[in-house]
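The same chain A turns up in both complexes below, where it pairs with chain B and then with chain C.
What follows is the complex of A and B.
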């Protein structure tokens, strides 16, 4: 099966999309991440859910996760308010790695898609046909296709 | 001819270490390899010579303390102490800084400086975040405090461990000769903090509630482990204090303590070896072989004779030069290779003085200069570099000159006070 067949429609976010809207889109659609398109409409990068958390959780808490236990719900609310007035651009690591995008051609095989996902540790790849984005493939959809069917109980 | 080649190889390796053109471990190992290839050092000298080989007491003392730190880190005790202390001050910025400085200095006297700042910096950022304070002054103060506190004891700073092992000085020798001046220096340093960082102490009563809402009890991850670790740490400290009476080396005390903690904590090897800095241990080994080669070919002996003739009875002058010279050099280059090179030379001077107080004070001049001099610049001590790295990753960059502006003042003042102490205690009144 080719990437074109596996690809699903996906919501477009841009670098200037409101960060809160992007995070809510991700949770509403239950996608592990979003494809971020550049000004030319081509995929710019992938925004995985973990990057949203990396933006929200202070580095010092990431370094010493035990500190999170000292924070109460109010502090947690304060942390998540960081999304207000932020854009997708703020959520992305700086500087972005332009050469390392999880993108596959529409005629790539499912194993090629799996190889790109594994190499880039991305839960999502964008599928392109020339300059046109035809959809995205999530790790769940790919695994569902690759795994052998469970025997009927 | 061999002596000239050994000196050239030593100098080349030292320049590589100082300039960091290649990794310091590679430079030290290359230097050690050169000594082996020149035929000055063989396996017997490198591994079994107490005077010119690898000083296993230093290596295993460091290893033991690193394992102890690995286990202590799992308890969350530093986070608890810092939050508890900040809450006691009710968020008053200067009082909070004093508490954090004292915790850092005391912890650095008992543990490695780098580990101490690694443990205290994240919780400092949290406290400053809650209080809406700029964290940079607090982080700089902690790096400086760790270098001051580490000077107090045999185990506080690697140069002290080298000096103790090479000079045969005990934990109590350090405690009685260096700890008193370090307490004075800490008081002076806190006074300096009040002046140097005065613009950082803006008090916002509305932010205090955010600090007081932190629950320090929650950061203790394993109360049982904390209790067991505390008991073992106290036993290790008693072991250090009593090591000369018990005729047991500090390295054995540290290893026994580490073994006890590993057994009691039931942690897996990756966890209790997490804080072991293997590159640092290998760096020390290479360094000992390099310096040992200088001793083997008689270079250190000849230099020692020259120095002894030059110093004569002027021990105060020698101590002053050693203190200020060590401080100046340690602000620029790594103080570990410097102290490793200087210890055989200082030993010659102390031996020439028949071990009387005037002469043994040279050891304290070397330790004070090398340890406190690290505060002078942003790259003078590993703790400074680590704090600057943590600050940058958390979006609070500290420039070389920003750190050095504060560090150089603190270094000059603390060295001046130390000189006064040396003069009064060992020469004017001694």
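What follows is the complex of A and C.
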């Protein structure tokens, strides 16, 4: 089975997508992350859910999570308002390394997809046909395809 | 809202659980990983799906995923048979760092949970009450709780 067959459709998120929209999309669809496309339509990077939290939670609270208890509801609301005023570009920690993106060709085999996911420790790969993203494959979907349905005895 | 309220029940996986059972459980429930308990019942580590693939796919194929195309179906079946002969202990890359596990107390606030997830870049935290694991929280569940249901205007 090829990556094209395994790929599922996914919502297109670009660097200019509203950060709140992106976070809500990821949450609603229960994806482990989002594929971010660049202006040329090619995959730019993967945005995992924990990066959204890294953007929202001040560094001094990440370093000492107990401090979060000192934040009242108004302070908490203010943190999340940051998302409304931001784009996906702001959520990304740094420019991606183009040589190290979890991307596979549409005709890649399922084992090839597994090898890419394993190497990058990524829960998600983008599937491209030429320059165009045609879908995404999660680690759970891949494992469901590769593993037998019931334990072998 | 506290971690206890946000926590969802999760299947108990120990170091001695059959690796195939563990991988099938993760896949069936679509969790981003599994919480592994030690012999004392306390959380031992988190096993993400990509680690299962790292265990299965030979290093030389991870380094050059194109080589996966050279593996025929029999070779592929043989890779997955490794899971039947293994336990969760074999899947783990190395002994965990106990000071750096994504674990929160049952009375932690949702912002505290967010801070721990952000710091550890983890898609999953274990919730403990004393020494006992009472459930787990995924990044998507936390974001669904923290984010407003529709974009603010």
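For the reader, a short list of remarks on this structure follows.
Rule of thumb we're sticking to: the second predicted complex is superposed on the first by the 145 of 153 C-alpha atoms of A that agree within 3 Å, B and C clash if a C-alpha of one lies under 4 Å from a C-alpha of the other, contacts with A are read in each partner's own complex, and residues count from 1 in each chain.
Note that in this section contacts are C-beta pairs under 8 Å (C-beta built on N, C-alpha and C of every residue); 3 or more make two chains touch, one makes a residue touch a chain.
Just so we're clear, the structure is a prediction, and the values are computed from it rather than from any experiment.
In the superposition on chain A, contact of A:92 is made with neither chain B nor chain C. In the overlay built on the shared chain, the residue A:111 is in contact with chain C alone; chain B does not reach it. Between chain B and chain C, C contacts the larger number of chain A residues.
By the document's definition of touching, neither partner reaches A:15: not chain B, not chain C. In the superposition on chain A, A:103 contacts neither chain B nor chain C. In the superposition on chain A, A:74 makes contact with chain B only, not with chain C. Using the contact criterion defined above for the overlaid structures, shared-chain residue A:66 touches chain B and also reaches chain C. Once chain A of one complex is fitted onto chain A of the other, the partner contacts of A:26 are limited to chain C, with no touch recorded for chain B.
Shared contact residues of chain A with chain B and chain C: 61, 63, 66-67, 69, 71.
Across the interface of their complex, chain B is touched by residues 58-61, 63-64, 66-67, 69-72, 74-75 of chain A.
Across the complex, chain C meets chain A through its residues 18, 20-21, 23-24, 26-28, 30-32, 48-54, 56-57, 61-63, 65-69, 71, 76, 79-81, 83-84, 104, 108-109, 111-112, 114-123, 139-140, 142-144, 146-152.
For chain B in complex with chain A, the residues that touch the partner chain are 76, 79, 83, 119, 121-123, 125-126, 129-130, 210, 213-216, 218-219, 221, 390, 393-395.
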